[in-house]
C-alpha cells in the first residue's frame, strides 16, 4: 500500500521469529503478521532493531522482508529498515527493499564511523536520490551513538529528503520542540513540511506523543499486544486522553516483562527481545522463542514471569 | 509552609539575579519571588541548577535562600537545593537550609566521584537521618553523570527516605514506569509509597507528565512565564488536555529563546540561563541579566532575539 | 604467509584507494602494498577502520582484500578485518576472507546492539569455531562503544579462542595490566597464553607499548611512513629507547596532518583518513585522494598543509 | 618550598587517613607524609581525588592541608587541590590554600555545569589572576566529564596562566602530541612554554610518560610504595629504560590490589581507595583503613588480598 498520504497510527516493528537452527521461521512470521493485522495496526516496520536486523544476514533479511510483504499483500504499508554502517551499504539494502515491494525505507545515521552532521545530511540525501521510495530517518542514539538534531531533521523534512521520522531517541522534549517547529498540533498542514510524518518509538509514552501531535507509534511491545496500542491510538484520536492514559498504563505494566531476564547475566536488549518472543510463543503466535545468536536466551523462570505479565494484562488466561 | 501533604503543582527553580559585581541582587531576587507568587505558583525551588547553585559560594547560597524564604513568608513551601559532591558536604548545606527555614531539601546523587548505587542509597539515607526535613532526590544525569534507577527510587520512597523526586533525567519512559509502579494515575494513594511526590523537571513535556500522573513540575522557563505554567497545570487538573497541550505548545515556542546565544561560542547551559535572565530583565523583574562567571553573556543580538520570543508569546508588547 | 609464530612488528592497516567513481582503485592499492612492503613492514591489516571498511560494500571488500592478498603473494601475513554488527554477519565476511587467502581474522565485539560480555565471549568463540583461521580481537570502543575487559581478553587468550589483540582502545594503563597478567616483558612465553600476540593501534605511543612488551603496532600513519615505523620498531627491539622515542616524536609531528581539515566542517575521522590519502597522493603512491562517501573531502588548503607536514618530516622535498 | 623551577619527579597525591568517626586522623596523616618523604618523593599533592577531596568538608580540607604543609616543613613543594564546581567556589579554596602555605594550586575544569572551552579558559585565567600561586590544570575527564584539549592547554601554558598540567585523562596519545608541540623531549626549554611542567596521573604507564618527556608523575599507588616510584623515576632519568620498565611492571602487579573489592558490590573508586588505605594500615603507616562515607568499605577477604599483593611485591613479609 503505497504511502500516498502521511502514515498515521500504530506501526509495530515486526519481530523476526527464528527456528531451531536460527533461520527465519517464515510460517511463524506470517502468523505474526496476521496477528498484527488482526489487531488493527496501520502499518508494519520490518527489519528494525526489534526485528533483530543487526543479527540477520543479508539473505535472512531478504527472507524476512519478503515474507512480511507477501503476507501483508498490500493491506497496510510496509516500511523496511535498511540498517548498515554507511551509505553505500545502506543503498544495497535499499535496492533489495524496493525490489521486494517495501513501501518506504527507514535508515539511521551512519554508525561505527565518526560522522559529521553535514555528512549525515549527505547520507540521507543520497539514499533518497538513489532509491525512489519515501525515506524515514531512524533516530536511535542508543545504537548509532549520535543524535539527529532537530535542526537537521527540519532541514531534511522541508526539502523533501525525508518523508518522516521514527524517533527512538527518548528525547521527548526535543520531539516536542520539533513538532512545534513543524507547525504544532493543528498547524502541521500549513507548516514548513506539510506531509512530514512523526512516529515515536517510545512505547511507554505514546499517549504523550500523540497529545503532542505525533502521527503514530512504532511500539516493540505492539508485537505482543497490537490491539492494546490500537485502542490507545483510537482513544487519543477521539480526544479521550484519560482512556488513552489508562491503556498506556496497562501497557507499561505489561512492558515490565523486559526485566524478566536477570540483569547481571544478560544484556537489556536480549532480555527485552527474549521477553517479546517468549510472550508470542506463549500466545501461540510463533513456534520458538529463540533470539538470534549470541544473545543469551531467557531461562525458564524468566519465561514464567513473562507468562505472569501476560496473564496480569488479560492476554493469557492464567 | 511545611510540607504536610504531598507537594503538587508548579514549583519553579528560582533564578538567582546577580548585580554588576556578581553578587546576589537581593532586591531583584525578592521581586522575582513576587513575580512567581503573583503567577500563582504552588512552591519554589531555591538553589537548584537554574539558580546557578554550582556557581554560588556558600555565602551567596545563604543569601539567596534567606531572601527567598523571607520574601515567601510561608505563603508556599520552599524547597532548597543542597548540591555538593558527597554526603558530608551536602549535610553542611542541609543544616544551613534547615536553619534558614527551608521546608524541604533537594539532593542529587554524589558527583565527581564514581559511586555505586548502594553508596548512593546510603547517601540519601544519611541525609534524611541527619537533617529532619522532607528530602527530594534530584535525578539529573546531565550534571551528575549517573541516573537514579527506578528500583532505587522505589526502595527509598517505600521506606520513607524520600518524600519525592525531581526528575530531570529526560527519561520519560522510565518516569512512566515509576509512576505505574507507584500505583498509577489513580492508585498512588494505595500504592507502596502513598505520599510520595513526583515532579518533572522537563519543562517541554509537562502536559505529558501530568497526564501520566506526575504531581507537578519544576520548570526553569517558569521564571519567565509562571502564569503560563499555572494555566497548563490548571487545565490538566481539570482534565482539559487539549487546553493543556496548547499552553505547552506556546511555552515550547517561548522556550526557543534558549537558542538565542550562538552555539559555537557559548555553552548550551549559559545560553539557556542567559536567556531566562535576559527575559526577566526585559520584563522589568530583575535589574541585570548577568549570569555567573565564567559563563559567557548573551550579546545584544541574542538579547534582541529573546525579546522577540517574549513578544511572540504575548509577554512583552513588541 | 601463515601465522605459525606470533606476529611481531609493524602491521599497517592498509588504506583503500578509490577512483573517481568511488570504486576500489586496485592499481593504486597494489602500489600502496608495494610501498608498505618496501618500507619493511612485517604484516598487513586489510579491511580495518583505516581501510574505510565500514564504507565499503561487500563486493568492494572482496576486491580490496583480493588485491592485497595477491599483491603480497605470501611475503608477509595478511590480516583481514571482518567487521559487521553481529556474529552471523561477521561469519559471512570471515568465510570470504578465508576463501581469498587471508592469514588471520580481526573481529570487533558486536556493535549497534547492546551486548553483554558473556554474549561477546560467545561471539568470538563461534567465529573461531566456524572459520579455521587465527582470530584477533579488535578492541575499538570509539566505534563499537564497548571496551573489551582485560579479564575477558585473558580468558579468550588462555583458552585459545584468540590468537591476539589489536588494542585501539587508547587505554594504555589497561594494556599494561594485560601485558603484566600475561607474563610481562620477559615472561610471556611461560605465561597463561604463550603464543598470544598483542598489537597496539595507538600510533603515537608505539615506543611506550613496545617498552611495555607489546609485540607490534598497527599504525594508520604507517601508510604514509612505513619505514619510519619500522625504524621505530627496530630501535625498540635493539633496546635503543632514546632512538625509538625520537622516531616516535618525528612521527607524532607528522601525525598532526590529521588536523588539516577544519574541525567545524568535517568529522575527525574524515579529516584523518583524508590526510593519509592526500599524503599518499602527494607521495605519488595512489592516484586519487578521495575518501568514501559521505565523508567530506579535504579542501585545497588542507591538502597544502598535509604537504607541509610531509616536507617537515623529510618525506617530500618542499 | 616555593616552585621556583619546574617541578620534576614523583609527587604522590596524599591519601587522607580518617579516624573511627570519619574525621581527619592528623597523626596518621603526618606519619604518611613522613613515609612518603622517606621514600624520596619530590613533591606532594594534597587534596586531590586520591585524597578523597570530594568527600571532605571545607573544615576537613583545611585540617588535611594544614597537616601536610606543617609536616613537610618546606622540604618539598606541596601542591594543593582546589576542587569545586566553578570559579568562585574554587577561589574560596585557593585563598585557603595560599593562607595555609601551599606552593601551588591544582584546579580542574568546572564540573556539574556544562561549560564551553572558552568558559573553561576564563576559569583558569581568573584563578591565576586572583590568587598568586603557580597553577596546575588537572585534566580528569572521569570526574569532570570534559577533556581539556591540547590546544587549550598549549594556549594557557604559553600565556603563563598555567605552570603545569596533571594529566589524568588516560589519553596517552594526546599527551604525546602535547609534549611534542611543547618542544619534545629535548626542545622543551626553547619551546613555546619553557617552564611548563607536565605530570602524568597514569600510574601504570609512568615509564612511557617519562620516555615521552613528561616531567614527573602523580601516582595514587605511590602512597603505598613511594620508593618504588622513585626508583622508576631515577632509572628513567638515568636512561635505563629496561630497569624503569621492570619497576613499572612490579608496580602494575601491586596495583592489582584495586580489584580486591568485589565489583558487583562497590564502586571501582571505593575499591581502589579502600585498597590503598588498607595497604597503608597493613604497613603500619596509618591507624584505620576507613574511606569516607558513603564509600563501601573493603571486607576482610578483600583486605587479605591486599596483604597478599603487598607480600608479593616484597613490601610486607608474608
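Note that the chains are named A, B, C and D in the order they appear, and that numbering of residues resets to 1 at the start of each chain.
Everything below uses one rule, namely that contacts are C-beta pairs under 8 Å (C-beta built on N, C-alpha and C of every residue); 3 or more make two chains touch, one makes a residue touch a chain.
What you see is a predicted model, and the numbers here were worked out from it, not measured in a lab.
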Worksheet item: Which chain has its C-alpha centroid at the greatest distance from the C-alpha centroid of chain D?
Response: A
Worksheet, complete the sentence: Between chain A and chain C, the Cα-mean centres are separated in Å by 36
Worksheet entry | Centre distance in Å when chain A and chain D are each reduced to the mean of their C-alpha atoms | 49
Item to complete: Give me the residues of chain D that touch two or more other chains.
Response: none
Discussion item. Per the touch rule above, enumerate the chain pairs that touch, sorted by label.
Written reply: A-B, A-C, B-D, C-D
Response to the item:
Contacts from chain C onto chain D in the complex sit at residues 170-173, 176-177, 180, 184-185, 202-205, 207-209, 211-213, 239, 241-242, 245-246, 248-249, 252-253, 255-256
Practice prompt. Going by the contact rule at the top, pick out the chain C residues touching chain A in the complex.
Written response: 22, 49, 54-58, 60, 83, 85-89, 92, 110-116, 118-120, 122-123, 126, 142-145, 265-270, 292-296
